[in-house]
Structure formats: structure tokens, C-alpha cells
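Each of the two complexes below includes chain A, the first together with chain B, the second together with chain C.
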Partner chain A sequence: METVTITVKNAPALYLEADNISPDAFAGKTAAQIAELSVHEGNTTSTLGKYFDVSGNAGATAADTKIVVRGDVKKVKYLGFKMSAGELVIEGSADLYVGAWMTGGKILAKGDVAAFAATAMKGGELIIEGNAGNYLGAAYRGDWRGMSGGKILVKGNAGSDVGMFMTGGEMVINGNVDVHLCTHAEGGKVTVKGNATSKVGGQMVDGQIIIFGSIDTMMPGFKPAGEVELEIDGIKATFSHFIGDMGERHKKKKGVVIYANLYKKISSP
Partner chain B sequence: MSEYIIKNGHVFDPVQGIKGDKKDIAIKDGKIVDKVGSGAKVIDAKDKTVMAGAVEIHAHIAGPKVNLGRIYRPEDKLFSCTATHGMERMGSGASIPTTFKTGYEYAKMGYTTAMEAAMPPLFSRHTHEEIRDTPIIDEGAFPVFGNNWFVLEYLKNHEIENAAAYIAWLLRVTKGYAIKVVNPGGTEAWAWGLNCLSVNDPVPYFDITPAEIVRGLIEANEYLGLPHSMHIHPNNLGNPGCYETTLDTMKLAEGFKAKNKFGREQVLHLTHTQFHSYKGTNWGDFESGAKEVTDYVNKAKNITIDTGNVTLDETTTMTADGPFEHHLTGLNHLKWANVDVELETAAGVVPYIYSPNISVCAIQWAIGLEIPLMMKDPMRCFITTDHPNAGPFTRYPRVFKWLMSEKARETQINAFKHKDKVLSQTSIGSLDREISLYELAQMTRAGPAKSLGLTALCGGLKPGMEADVAVYNFNPDKPVANPDDIEKAFSRCAAVFKSGVQVVSNGEIVSNGNKRTLWVDVKVKENAQVARDISEKFVKYYSMTQNNYEALGHNFVPNPYALEVDATQV
Partner chain C sequence: MTKTITDVICPFCGTLCDDLEVVVSDDGKKLLEVYNSCVIGTEKFLHSQSPDRVTLPRMHQEDGSWKEISYDEAVEYSAQMLAKAKKPLMFGWSSTNCEAQSVGNEIAEISRSCCDNTAATCHGTSLIAIQDAGLPSCTLGEIKNRADRVIFWGCNPAHAHPRHMSRYSIFPRGFFTGKGQMSRKLLVVDPRITDTARMADVHLQIEQGKDYELLNALRVALKGEWLPDVVAGIPSEKIRETADILKSGRFGIIFFGMGVTQSLGKNHNIDEAIALTKDLNEHTKFSIMPMRGHYNVTGSGEVFAWQFGFPYAVDLTRGFARYNPGDTSTIDLLTRGEIDAMFTIGSDPGAHFPISAVQHIAAVPSVCVDPHLTPTSGVSKLHVPVAFNGVECGGNCYRMDNVPIDCRKVVESPEGMLTDEEFLIKVRDRLKQLKGVA
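Take a look at the complex of A and B:
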């Protein structure tokens, strides 16, 4: 695997839309060619090389290409946009749409990422060592197709509307999440090791949510369904099981009505 | 104005019966002429196909429900934006493009005239503002009449003269083009939580049947002698077994003869026929009724149809058939929007994905192609996708490919997940007809122009007609190596002229032309009762005053072209 390192040399005055910073766009290009790829600052289109020093050539394919992003990219959007393979390491914090529409490969964000990370993600892996913003793994505005595959790990906290319209894939959040977790979800699995704020699973019709901490207010559409023993990451614990959202249409599979499942850990005395 | 001569192209013009002969087309002062001077600009059309500009008879491209679709589907714009370049302003939207993109895309495919198929009269100002902002193509809009309170009240008592006077007034104030009927009576019934699924279901309160509405509007249309006929989306759209309602609707036209000075011969235009040609009793035994429907149309010379081809895309359905959209959202569980338009109509919008992996969608695709392949007279069957309902209009070149190449159809059939079901529920597999370029010109130019009463203006290349000309990179002398070449050639014209102005060159927009709004100005005898009824309805029921209703002036119709009709002597 070849590594391309891009380092911020001129911070953009406005926000930079850098949808070309992905192994797919870099593949088969030399450092000089990569520096010629387009980026947009406001309504001006210019080159990646204007803002970044580029060192190292990309591999022949996306899968053979690793990108390391250095410097302050808090005002850079779309890192890893639509990537299908390869690796992307973001050493600092990034702006909106990290790994949006990604279908494969691996992204490691060592800092925080802003909202809409992994929008409509189909596959691959996204690891966020800091915090994630709102709408992580959610659908695009107006769309009904959120994250459908792949894996997301957030070591810090995540914002609101995480997993909105999620239909598949897995998400683990080690910290807390804000309101509206998995609204409209029709599949997938989300584990929150910390606490969740209110409106968890509103209009959710399929999929799973596991909460280790507290939920400050339960949705009235979730119905208690007993207690279950679950083993998650080697930890065995008892969880209260809820099904819902009872106010919604539910599909049937082989004659059995499918509900979304919500598990909340029963705190040990 | 400049002179042009389009030299050595293979010309296909049903108006003059030209079937691919090498001919020069001369243009002067916006019209086709016999000859031009030696200073005329030469367009080399050697080894290319030359046709008149195409005419779109039915599409939803302007107005409040189109805009509702744009507003509530940001995801439709997401990856379909085009940046400003050259003459072109930015555009976006795949199934519901912005006004500018709509004009550019039609022009690039060689379309120069298009009809907005359903204008709610109350929102005619909005519709005309969008038409104004759609460059290049001439456009007209059909106000909807089939659920209008005035019409229901007049026709209940068979007051044809009053209905006609109201129609003439409404066409004038809304700058409308023709009488459009959508789910007659059914959309009004929807306001009562009901629907009309057959031509004999009574409309609540008004106590009139769809059959009476349809017959009454045909009579009123011929009484006035309008350029186009009554244009109908019948009851019971999109349900298994609906072909019977379609046949019942068409039978209502029996005995009527066209009366007009525009050369139109039909009294009923049946739109998006594909959606109305379903047999079976449920989605499991769903099958094609294309044969039954086309057998009838082939015999009924006073009817024209358009196809409504399913293009197998993700799209946005939108219709004034409010109850149908509610039914549809119950089937696909995607987002639904509904609008009620006071005394006049309603509309619904639902996104839809015609997936090649779903047998019903694949069968719909096949039915849409069976209809034109089974129609004997291409002058009475026109290609549409009921844009955006069965697919975006930008897919016309792909529909042409399927119609012109049996091989292309075979490739698509083999790609279906439920190929066997498509072959058992339709007869698409046994149809070996391939539409010729001449027939294509009939189905997309001469035919729709005649049906719309526009023969004097467009749809052909006869001297004296508007110089609307499309030149395609398609050599009819060479066998088609790959059917995809047909799609490619019809997607981007080598050159397009609109009223003598070159608007497209090598697939790029080079001028915004001189776009006109086509409308029908009918003079009728003074009718005090209708005038009184109108002012009374505005006072009692409408949420706006009569003075704010009319679409007129530069803001709404900056460049009108009125087709004059005199019905004062009837």
C-alpha cells in the first residue's frame, strides 16, 4: 500500500469542499497530479495544492492507497467522500460529511468530526477517536435511506439524530448520544455505552438499540417486553427489553410482525 | 434574422411524406422556406438525421405540484447538479429538474414544444412564472376541468353552452391551452374521503357521474372548436383490472366527431395509456391489457393516445389524481404530499422507484412498449413518460432505443430478475416490430402536433412552418451496430433550431431562443349567467378575489402566442 500525506499549508478563509480527498480520487496519480485535483472554496474552484502540501504517490488502485491528512482541517468538508476502498487517516478534527456515501475502506479520524459523517454509508469502517456531530450515519436531507452497511465506532460522544433512517450496519458509541437516536430506523444495530437523551427510536420500525446508561425519557411508543441476558464485548449483563415504535406500520416476516428492539441495561444495585 | 441551410441530411418528415431522402432544409426569418440566398449559413448534415423539432404532448414541468416535488425532494437534486457553463445557468434535479434545466434538456434532445399537462387554474400565475423561466421551448398548459365545481354543476344539467362559456373564460384568464380531465369526479370525491373507480360512480354532493363529465366536456370542446381535444387521465389509474375502466371511458367518445379549423381529427386524447392498461385482479396475477386497449384504439379513429413509458428509474410521481397518490404511498410507504385546490382540483406527490428487480415494475415497462408496438397508426400514438410519473423525460432517447431495437428490448428483458413473469404476463417477447425513424417522427412530431391542433405551426418541415429543426448524429444508411448508439444519438443533437434561431450546437446550448407561451383565445357569445356564477363563486367560496385570479402581463406571460377561435356563431 502506498501512502500519500497531505499537510495543510494555507488554511482556507472559507470552508473548503474537498470531495476529492479519497483513495478513489487519488488512485493512480502522482503527488503532482494529486495537487492538481479540484477543491471548492465558496464559489471558487481551485486546486488541492493551493491548500495542501502533497507528498508521496498513490497506489494503482484505491485499495492500494492510504491517505494521511495532517494539520488543521476543521474547515474541510467531505473527507473520504464516496470512498470505496483504501485507508484515510485524519490526524486532527474535520468538518461535515466525513466518509459520507462511503462504500468500503477504512477511515480513522483521530480528532472530532462534525455533522453528517457517514451519511448514507453502505460499507467499510469509520473510527472516530474524538466526538461525532449530529446526523452520524443518517440519511441525506429528505432521503429515506440512511446508513445501510459497514461499521462505525465513536470513542467519544455523538450528537443528535444519530442513525436517522438507518437500515443496516453497526454503530458503537462509547460515550453519550443526544436526542433522536435512530428516528425512522428500519434496521441496523446501535450500541451506546453511555447515556441517551430523550426520543430514542421514534418511528423506528426495525433494528436494534442497546443502551448501557440511562435514557432520560422513554418514547411512549415502546412497550416493555421483559428482561434479557446479553453479552456485549465480553460483558454479560441483564437488559430491559422494549419493542416499538408501536405507533407505526410494521412489516411481517413469515407471518411474524417485526418490531424494533430497544435494550436498556438494568443498573446493578 | 439569419438565414440557414441544413445541407445533405436524411430528412424524415411525415407532414410531407419524406422518408429519409437527402434534402436541404432552408430557414429564413424564423420559418422554413423553399430556398435561401447564397449568403445563408450552411449546417452540414451529411450522414445525419434531420427532423422537425419534437413536440411533447404531456409532461408535468411547471406549476405548484412540480415545485412541491422539488421542495420536498432535496435528495433528487443531490448528485444531479450542473454548474453554470457557457450560455447555461446552473441547474439541478434528476426527476424534477429546475425550470432552466428543463428547457436545456428538452432542447438538447431536439424538443422545441412542450405541454404542461395539468395546471390548477387557481395557480395559473405560478405555472406561468415557471413557464416563463423555462428557456427555449414553446410551452402551453392544460387547466384541469374534471373536478371543477362550475363544470360539475353545469354538466349535471347538461348545460353545454354554459360549460363552454366558462371554459372559454377560464382558458382566457389562466392563459390555458386545452381541457384537461384527471380522474373525473374522483378527485372531488376524494375531498369527501371517497373516489370514483368506474365511469358510473356518482360524485358525492354533485350527483353526477364521470361518464356525464367526460361526455359533457367532449361536447363543450367540440362546441367551441378548440385546437386540442378533451385530454383525459381516466378513473381507476394504476389498479389491476383498470383496462376495463379505460375501455368504458373511450367508449364515451363514440358518435362524437371533431369540429375545428385546426386539422385535429380526434375528440378524446387518452394520456399515459400504460397506467390504464392493466389486467388481473391483484398485484400477484397482474398482467398486460395493452392488446385489449390498443385493439379498441386501432378501430376508434376519433381517439389519440400517448404511452407513459416506464423507464426503470427512481422518480417522483405527481398527479391531480389525489386519491391515487394516497393509495400509492400506502403501497410503497414513501413520503407523501397532498394539496387541495379549493373549488377546482387537488394533487398528490410520492417518490417512486421502478426497480428492474420488482416484477410489477418490469411488467409496467413491458406494457409501455407493447402499446406503441401494437398501435397500427403512429399518427395516433405518441411517446411520453408522463414525466416524471413513469420516468423523467430525459429518458426519451432510451425509450426510442427500446422501440427501435428488438435487441435492446431483449437485453433489458434478460436483465430483469423476474424475466419469466414479464414474458408470461405480457406479449413483449413476441413483438418483433421495430419502430422506424419515419414512424418515430410521426409519434414525436407530426402526430402530437396534429392532435394539439398545431399543424400550421410545428411538427413538420414544410415551407411556411416554424423553423423548428433537430439534426441528430445518426446515419440511417448504416446498420445500427449497438442499440446504445441510438440512445446516444437522440440524447444530444448536432444542431437544433427553434423558430429559426440556432439554440443547440454539438449538444451545447448556444442561445436561449425566443420562448413563447401558447394559449387559446376563444370568443364566445356574452353569457350573463356564467359571468354572474363566476363572480358569485369568488365572493362566496374562493380565497382570493376575481381581480387577483388572472394571469396576465409581462410577469406571467411575457411572450404570448394565442391561437384564436371564434365560437360566437355557433
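Take a look at the complex of A and C:
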């Protein structure tokens, strides 16, 4: 695998839309060709080379290409946009749309990422070592299909509207999440090791939420359905089981009505 | 002698009352009295006669003072600012007519700006929900003639839309509502005991920020499913009782305002309210309508949607329209420092935005087109006074139920003063020259 390292040399005055920073766009290009790829600052279009130093040539295909992003990219949007293979390592924190519409490959963000990360993600892996913003793995505005495949791991906290309209895939958040986890979800699995606030699973049709910590306010549409023993990451514990959202429409599979499942760990006395 | 002009449209709130009478002097230059209007509407008309009205564009000077300049100089500054900026923002539009909004959209397209209207701080979240869930709605006339279940959720029309209840929603005797308020049940959901809540048959004094839970509980109650004992501070029996009241009506309407659109849950509250309306339609006829604030904010959404495909928060910087509130919405653009020029028209963000957003307006080149002196005109570099739309010039406006109504000119504007549309046309033509667009 070939590695391309891009390092910020001129910070943008406004915000930069760098939808070309992905293994797919870099594949088969030399460092000089990569520096010629377009980026957008407001209504102006210029080259990647104006803002970044580029070293190393890309591999022949996206799968053979690894990109390392160095320097302050807190004002850079769309890192790993629509990537299908390869690797992207962001050494600091990034702005909106990290890994949006990604279908494969692996992104490692060592800092925080802002909102709309993994929008409508279909596959691949996204690891965020810091915190994630709002709308992680959610649908794009107006769409009814959020994250449908792949894996997301957030080592810190995540914002609100995580997994909105999620239809598949798996998400683990080691910290806390804000309101509206998995609103409108129709599939997938989200595990929150910390606490959730309120409106968890609102209008959810299908899918699974597991909360290890507390939930400030339960949705009235989630009905208690006993207790279950679950083993997650090698830890066995007892969880309260809820089904819902009883107020929402319900799907049927083989004549049986199905509900979304919410498991909340019962804290040991 | 004086003249009385009848059937005048009120350019204040989204109710767009069309039965005002205005008395003007014989030469049509002075507006003397306003009848039938609420106190806010009356003030809007009379304010045009204010003796301290600004009549010439003014530039903010280094020492904080203002220097009067000509309209031509104001056009030059505005066009240059928009031509040079990498990411200009054109905000407002809700207190001007659709004709001016359309010219504004041309300017936005040439300068590749972001453009947004006051939905950013009010019903923008409703627009997001409408895109997600649709909007089973109706006109205010249908409500007057048919509605026997009226819900005001998170809104206080007694103060914000003063004639709404007397013209459409509570008191009027309509075709199927011959007994006026006696034929309607009024439900109010509000954490406060507002003047609207005082009139209600049922007031659900909900815990703040739990509208989403209560809406969800009502949907659960309609389906006859299990409910916790208390939801959002309301006992479950009360919720089931309310669901029965709603079901038993012949025609119901949910009006909702800022109390749900801008409190915790935002667009999801409206999404759930639309879903509740949909569910209620399995039992009876139900509609839902946002209580739009500015008299032509609905029109701004219509014009944006007609010309760009999205109702607000449109980003044209890349040469095509993009829409994603959170990224392309005004407050986010300002607080994140994403824009480098601000053009405000027909709105007062200075009074309504978070202070960090207003600070950014003050930090960049900025133009404020407004007949009034406002906090926004105070922080902008250039203030361009214009004629009062709906008072000194006519134009098309949309009522809160999306019914277009033509506003009327009732009095002359001060001599030499331009209307919004005339000023924008001059800016557009100059911008075309600067950008070399045919």
C-alpha cells in the first residue's frame, strides 16, 4: 500500500470543501497530480496544492492508497467523501462530512469530527478517537435512508440525531450521546457505553439500541418487555428490554409484527 | 378632506388580514388613521409617518458616526461587496414582497451567495419536518367554516397573531360552525399560562422541552397501547381523554409555533406532530398548520422553492443549489465564521440571533436594507432605507396557509425613496456589469 501525506501549509480564510481528499480521487496519481486536484473555498475553486503540501504517490487503485492528513483541518469539510476503499488517517480534528457516503475502506480520525460524519454510510469502517458531532451516521436532509452498512466506533461522546433514519450497520459509542438517538431508524444496531439523554428511539420502526448508562427520559412509546441477559464485548449483564415505538407504524415479517428493541443495562445495586 | 381606502392588506404577521381601512390625506401623502387592524398592525402603518424616519442611505464611519450617501453610492457599495466576497450571505426576505425576493435570487445566483430567510430562527425546523413527513394542511377559510377541534401547540396567537382567533380559528361563525366559539373545542399545549391558554377548554401545561414525548404519547393513546403513568408532566388518563376529544371532532386543526419548533427536539417535534395528524385522519379529518410570523416569510419559502428547489438555507456558492440546515443555515454560517459578507433585507437578525452571530455580522462588510432603524442596521456598514412594503408599495405576499394575496399601496413614500425591488434591480444590474454577465 502506498502512502500519500498531505500537510496543511496555508490555512483557508473561510472553510474548505475538499471532497477530493479520498483514496478514490488520489488513486493512480503522482504527488504533483494530486496537488492539482480541485478544492473549493466559498465560490472560488483552486488546487489542493495551494493549501496542502503533498508528498508520496498514490497506489494504482483506491485499495492500494493510504492518505495521512496532517495539520489543522478543523476548517476542512468532506474528508473521505464517498470513499470506497483504502485508508484515510486524519491526525487532528476535522470539520463536517467526514466519511460521508463512504462505501468501503477505513477512516481513522485521531481528533474530533464535526457534524454529518458518515452521512448515509454504506460500508467500511470509521473510527473516531475524539468526539463526534451531530447527525453521525444519519440520513442526508430529506432522505429516508441513513447509515445502511459498515461500522462506526466513537471513543468519545457523540452529539444529537445520531443514527437518524439508520437502516443497517453497527455503531458503538464509548461515551455519551445527546438527544434523538436513532430517530426513525429501521434497522442497524447502536451501542452506547455511556448515558443517553432523552428521545431515544423516537419513531423507530426496527433496529436495536443498547444503553449501558442512564436515559434521562424514556420515550412513552417504548413498552417494557421484561429483562434479558446479554453478552456484549465479553461482558455479561442484565438489561431491561423495551419494544417500540408503539406510536409509530409497524412492519410485518412472515405475518409477525416487529418492533424496535431497546435494552438498558440494569445498574447493579 | 380625507380619503378612506378599504380592503387594505396588513403587512405585519402571517395572518395577512385583508379587511383594514386606512384614512389618508387628500393628496395621498399622509397616512392619518387605521381601522380594523390589531395594535401591532396599526403601529406598522403609522410608523411610516414617523418624523425621525431615515430617508437616505447611510455609511457607518470609522468613528461610529453615520454619513448620508446617495442611492447610487449605496448600489455601488452593495454590488462591489457581493462581487468581491467568496461566500456572501443574503439573509432576510420575509418582510418584502415576492417580486423583490425573486430579484434577490437573481443576485444570489450571479454572486454565488448563500441565501436564507427568517425561517432560520422560526419555522425552518418545520420545513425540515415537512420535507421528511409531508404536510396535511388546509386553508384558513376551511378552518373558519369547518374546524371544531382547534389546538394551539407552543404558540400564543392572543399576542403574536392578535386577529387570528377572531378571523379564522375560534370566534367566527362559519358555514358548519354557526355557533362560533361554542361550536369549537380549544386545546392549548404550553408550559406557561398564556392569554391563549386562559381561553382554552383544555390546557395541557406540559413540562418544557417534552413536546416530542407528549406528541408520541398521544399517538400511542390513539392506538390504545400501553402508556407510562405520567408523560411530560401530564397524567396518562388526561392524555387518553385528550386523544378522545380529538378523535370525536368532525374537523380538527393543529396550529404550532416557536414553542415547539425552537425548543428541544426541533424538527422532530413537528415530524411527530405531522405523524399525529396523519394518525388522527384514521378517525376524523385533521390538518396541521405552522403559525408563520413575518407577513411574507411563507412567500419567501415559496419563491426560494420555486427558483432553487429548497425553501430556505440555500447555498449557491458552488454554482448549484445545496441545502442542509446545520451546514448552509444562517446562524451556523455566522457563528462558525463561514461567510465574508452579509446582505440583510426585510429582517432584523441583530435583534434575534445569538450574540456571537451578530458579532460576525459586525466584523464583515455588511448591508442592511430596511425602512426602520434596527439593531441590524446599527451593526451594518451600510444602511439603506426603503419604502414600506404593503404601505408605500404593493406586491405579492403569501399568507400562512400558502394563499397568495396582493398587498396594496396606500400612501406615497418620501420623495426619491426606492422600494426594495427598485434598489435590488439597481444592485443586480451593477453586479452584472462587475461580473461581466450579459
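Worth a mention:
Assume the second predicted complex is superposed on the first by the 269 of 269 C-alpha atoms of A that agree within 3 Å, B and C clash if a C-alpha of one lies under 4 Å from a C-alpha of the other, contacts with A are read in each partner's own complex, and residues count from 1 in each chain.
We adopt the following convention: a residue touches a chain if its C-beta (ideal position, glycine included) is under 8 Å from a C-beta of that chain, and two chains touch if they have at least 3 such contacts.
It should be emphasised that the depicted structure is a prediction, and the values quoted were computed from it without experimental measurement.
Of the two partner chains placed by the overlay, chain B and chain C both lie in contact with A:R141. Judged by the touch definition given at the top, the superposed model places A:V256 against neither chain B nor chain C.
In the superposed model, more residues of chain A are touched by C than by the other of chain B and chain C.
Of the two partner chains placed around the shared chain by superposition, chain C is the only one that A:M219 touches, whereas chain B remains out of contact.
The interface of chain A with chain B overlaps its interface with chain C at residues 140-142, 144. By the touch criterion stated above, chain C contacts chain A in their complex at residues 85-87, 111-113, 128, 131-132, 210, 212-213, 216-220, 222-223, 225-228, 231, 264-265, 268, 271-272, 275, 279, 317-319, 323-327, 336-340.
Those residues of chain A whose C-beta lies close enough to touch chain B in the complex are 139-144, 249.
Taken in their complex, chain B has these residues touching chain A: 72-75, 78, 333-335.
Those residues of chain A lying in contact with chain C across their complex are 13-15, 17, 40-44, 77, 96-97, 115-116, 134-135, 140-142, 144, 179-180, 183-184, 198-199, 202-203, 217-221, 223, 245-248.
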